[in-house]
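Each of the two complexes below includes subunit A, the first together with subunit B, the second together with subunit C.
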Partner chain A sequence: MRFAAVWGLPPLLWQLAFFVTPLGFLVAMTFWSVKNFRLIPDATLANWRFILNAGFFRSAYVYTFWLAALTALIASLVAFPAAYTLAYRLKPATRRFLIFMLVVPFFTSYPVRIYSTQIFFSPEGIINALIAPLGFGPVSVLNTPTGTVVGYLVLTLPLVVLLQTFALMNVPKTLIEAAHNLGCGRLRTILTVIVPSARVGLIVAATFTFVLAFGDYVAPLYLGGSKPPTLSILIADQVKSGNHWPRASVVAAIMILTLIVVMTGMLGLAYGRRGGRR
Partner chain B sequence: MSANLLRRAALIAWTALVFAFIFAPIVSTVVFSFNADRFPSLPWAGFSLRWYEAIFADASIQRGLTNSLIVAGATSVLATFLGFAAAYVDYRYRFVGKIAYTALVALPPTVPVVILGVAMLTFEGRVGLSGTLTGVTVGHVVLAAPFAMALVRMRLADLDPDIEGASANLGATPWRTMTGVVIPFCLPAILASLFLTAAVSFDEFMIAWFVSGVNETLPVRVLAMLQGQVSPRINAIGAIVFIVSMTLVVLAQILIGRLLGRRSKEA
Partner chain C sequence: MTGSKAGPMLEIDRLAKRYGDTVAVADVSFGIEKGEFIALMGPSGCGKTTTLRMIAGLDTPSGGEIRLWGRRINEDAPWEREAPLVWQHYALFPFLSVAKNVEFGLKQRGLPAAERRRKAMEWMERLGIAGFAERGVDQLSGGQRQRVALARALALEPEMLLLDEPLSALDPHLRVRMQSELVRLHRELGITFVCVTHSHSEAFAMADRVVIMSEGRVQQIGAPREIYRRAANRFVAEFVGGNNLFSGTAAAAGEGLLRVEGPFGTALAPRPADVALREGGEVTLVVAADRIDLGAARSGAGNEIEAKVVTLEFVGSSVTVFLETAGGAELRIQRSLRQIENTPLSPGDAVIARWPQDEGFFLPA
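Then we have the complex of A and B:
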């Protein structure tokens, strides 16, 4: 028993002390007040009332939610043909190499990647230099919502392609061959056989995209130009310059609630219903 | 048949575009870090190491790098130990609340880092950890331990549960079994997770940004530089960070590959 405790307790205690406690503390702080720039433990709803009634919060919430959802949709659609190619059209060795390549971006500095993207899209940047001779442009993506979405895609696309590829690889080959043998066309096979069978993985990929985009700070700031600000920018501003931690905590708490609702909803969509078929 | 060929070509072209989008920022970071010109544009202005010289002469960047290395080193050891312990408990024992236990260890990466950052800041401010490298490390361990747990748990799935019993029957204490059987068996996964968790910490910027205060880590320094002018020094830092992280990841990947290779041979 002592042996078990030696291994079991350290992770438990560490996560309780440095994961659960800070999050709990964050929630508790939403009820504190600030007087003369000092935090005072309190039980007031003033912060909640202030944030929930603030026009800038409401518009930032709608904007952030909408942009993250849009990113999840775009990333899923853009990634699917690539994942399909990786899963079914390439030699195993090529596939293994490309899967390894997709892991690489997670271990490069994300702010630096955003910096590079910023330069690509700058007025004198490579994109405009490339499309000018073709008679297009100049495009101005920086400091617009489009810029933010481009940044979100830089962040999430590798993960979406990766998760979708795994999901498609897990679809039984026999199922696809059966569909072909029964005269089912390619597009129809994709829509009626592959997508439903890979449903869980595809939904998980979209959910992760939403979660990452919803909480990202770098893309909306450096590519979106904070015009308008997202929730994560509101948090950072309240903490770093506004010095109003309780209000920042309210925004954070609302974000957590939103993510819990979205994740449960999506998991319900992935695993639930359609059970009648089985 | 040619329609088939066309479809295949279209799919591959699309895939190539997606990969180009993903890798263009990474490739251009490395390429333009060697560009003599101040503004990264074509045509290429000639090979130069001046941006590397500039960052190696910059004391704040050096301090950032040192801080990052310290935090990454401490994080990797702690997170790997905690991840190993949690994976072993999950593998070995059955108890009430086990799902809650593993979820508690596994959940942190699903919480946006901006929220973890604020939470850490408010909490650590109370207990006097904010503004210290210890404070940053504590946050990074929370974030990295789940990856260590996943790697070790994957390896333990291949350890026959009867082996520990056999070891006990032969008179070994649980401790002797742990050091003589379980840990050696998990060694590749343990090494892989040391590298992987170090890489996770080395690239983490949000928690560090909130918590580190004056003790900036390298990614926090980069974030601060992004606020300012266009500077190819950011590319040079990016290239160096890239090489450090990739070395760690490739080492981890080789070890994982060996794990999986062995498993498929055994199967």
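Then we have the complex of A and C:
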């Protein structure tokens, strides 16, 4: 008990001070009002009513949700072969080196990485320069939804590969051998044994991707060109045009609520009914 | 199909497996007949499990050949082989029910669902786990999991079943039951069983023939009784247990006999034809612990050695009596509990250990 109190309390207090309190403040602010660009404490539902009825909010919500889900799917599928190779097909030393390389992107801050991808995707960028002599292009990725997704992937892909690799490495080797022994080739073993065994880790990786993409501000701004706006762009817009912090808070609160629902659902899927046994 | 069904079913020919500089299997050769119960036995690290894994295709040989019905199968992928394995810790799929586990192999072979279910149910009934069909494997006891693993392997109706330490994860009382059940299954099914074990009692109780391995090599192959009564070398004599190994110097004793003198005293035994022994050289005399009698006084027949009782060890209905000779050598003698009850012994008693000359045999030192 004393151990829990001494060592558990500081992080608890930290979370309380820097996460729960601002969150409470954010929720409270959703009921405030704005007059002459000034915040006035209030208890009105006007902000909620306005945002929930606004067409631009609804379409932004659907758009953001869809892009984040798409990113989670693409990242999971693209990462899997890499994670499989890392987990099963490489020597330990090579695996260690590549895992290190997957952490390297996090050395630089994310906006810097997004800026650097612009070099590839700008109209006169590397990609168009490369495909033009072959008679293709020019392709425009910058300021399109594709650009946003590319940005999300820059953010999430190394993380997804890492999480999936650890998930696959935790699959008992004897289960894979048992599958081989009972007649499963490599591909069949992946589908029948490896994916079900690594289910929790794979779902957590996908959920992480969704969470990161759903709330990201940088990719939709610099690569997506804010058009159409995602929810995070919307928050910034509410503040910039009219200093409407309460409305921005409503959007933020809805986003947090959405993430809680998605997380709960995904974790239920991961841990519920041990393996979805039939 | 190359090869006929006349030769041995499975031939292991100069098989080797190296991992870098470490040698798991150095040079192993033996044949397995159809329907045989073979035990691969030896201490941990002797290469028995690696040999089994190579038969299953889970490890690739670095040398030698494995032939099934005369056909080389070294390069066959594990999923192309028909050699289901029962793992020591069962390796059941935790995300599938018991029934789905048993059906697993049949599903991979493309059997229709109804057929699959029928067959799986048959095997679950046979192994007494039909009542758990819809349960998760994590809700089963060790013994029940073992049965699921067996059912999963046998449902494929293979001509050969591989078992890796099938009893070592079970409670002692379950172990004995499972042991006789494996023997019964083997007899009823008539298929080949290849079983890896480190326990000589398991191997001797179940197998038709035992392959004893040490340091990646075969030490002896034979029927349990043959190995027990005639160990081929010192390693086997010590490993199978229940043997006295007396070291000493050899001397001629006439009439096909050889005398050996050592700290244990003096004894005679038949002069072996197959072991090159020099008079005056070092030899080891092996005498099984259950072949030595105890008496109160010398009778003048056979080998007789004076000794003192050190301690008695009771294991069920058998008793091991530990003796020490005047020269400081240790003797062990196996008696039945009844024999001990009829002529009680206590530590410190002076006794005569006695055995007929032809009950001992020589090994090179």
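Simple rule for what comes next: the second predicted complex is superposed on the first by the 257 of 278 C-alpha atoms of A that agree within 3 Å, B and C clash if a C-alpha of one lies under 4 Å from a C-alpha of the other, contacts with A are read in each partner's own complex, and residues count from 1 in each chain.
Just so we're on the same page, contacts are C-beta pairs under 8 Å (C-beta built on N, C-alpha and C of every residue); 3 or more make two chains touch, one makes a residue touch a chain.
None of the values given here were measured: they were computed from a predicted structure.
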item: Comparison of subunit B and subunit C by subunit A residues contacted; value: B
item: First (subunit B), second (subunit C), both or neither touched by A:Thr108; value: first
item: Partner chain in contact with A:Ala79 - subunit B first, subunit C second, else both or neither; value: first
item: Touching partner for A:His244 - first (subunit B), second (subunit C), both, neither; value: neither
item: First (subunit B), second (subunit C), both or neither touched by A:Thr21; value: first
item: Touching partner for A:Arg95 - first (subunit B), second (subunit C), both, neither; value: neither
item: Complex interface listing, subunit B residues touching subunit A; value: 7-8, 11-12, 14-15, 18-19, 21-26, 28-29, 32, 39-42, 81-83, 85-86, 88-89, 92-93, 101, 104-105, 107-108, 110-116, 118-124, 126, 138-139, 141-142, 145, 149, 174-175, 199, 203, 205-206, 210, 219, 222-223, 226, 230, 234-235, 237-238, 241-242, 245-246, 248-249, 253
item: Residues of subunit A touching subunit C in the complex; value: 172, 174-175, 177-185, 188, 192-193, 196-197, 199, 274-278
item: Subunit A residues touching subunit B - in the complex, by the definition given at the top; value: 3-4, 7-8, 10-12, 14-16, 18-23, 25-26, 29, 78-79, 81-82, 84-86, 89, 98, 100-117, 119-120, 122, 124-126, 129, 153-154, 157-158, 161, 186, 211-212, 214-218, 222, 232, 235-236, 239, 245, 248-249, 252, 255-256, 259, 263
item: Subunit C residues within the subunit A interface of the complex; value: 56-58, 77-79, 83-85, 87, 89, 91-97, 100, 104-105, 108-109, 136, 138, 152, 156
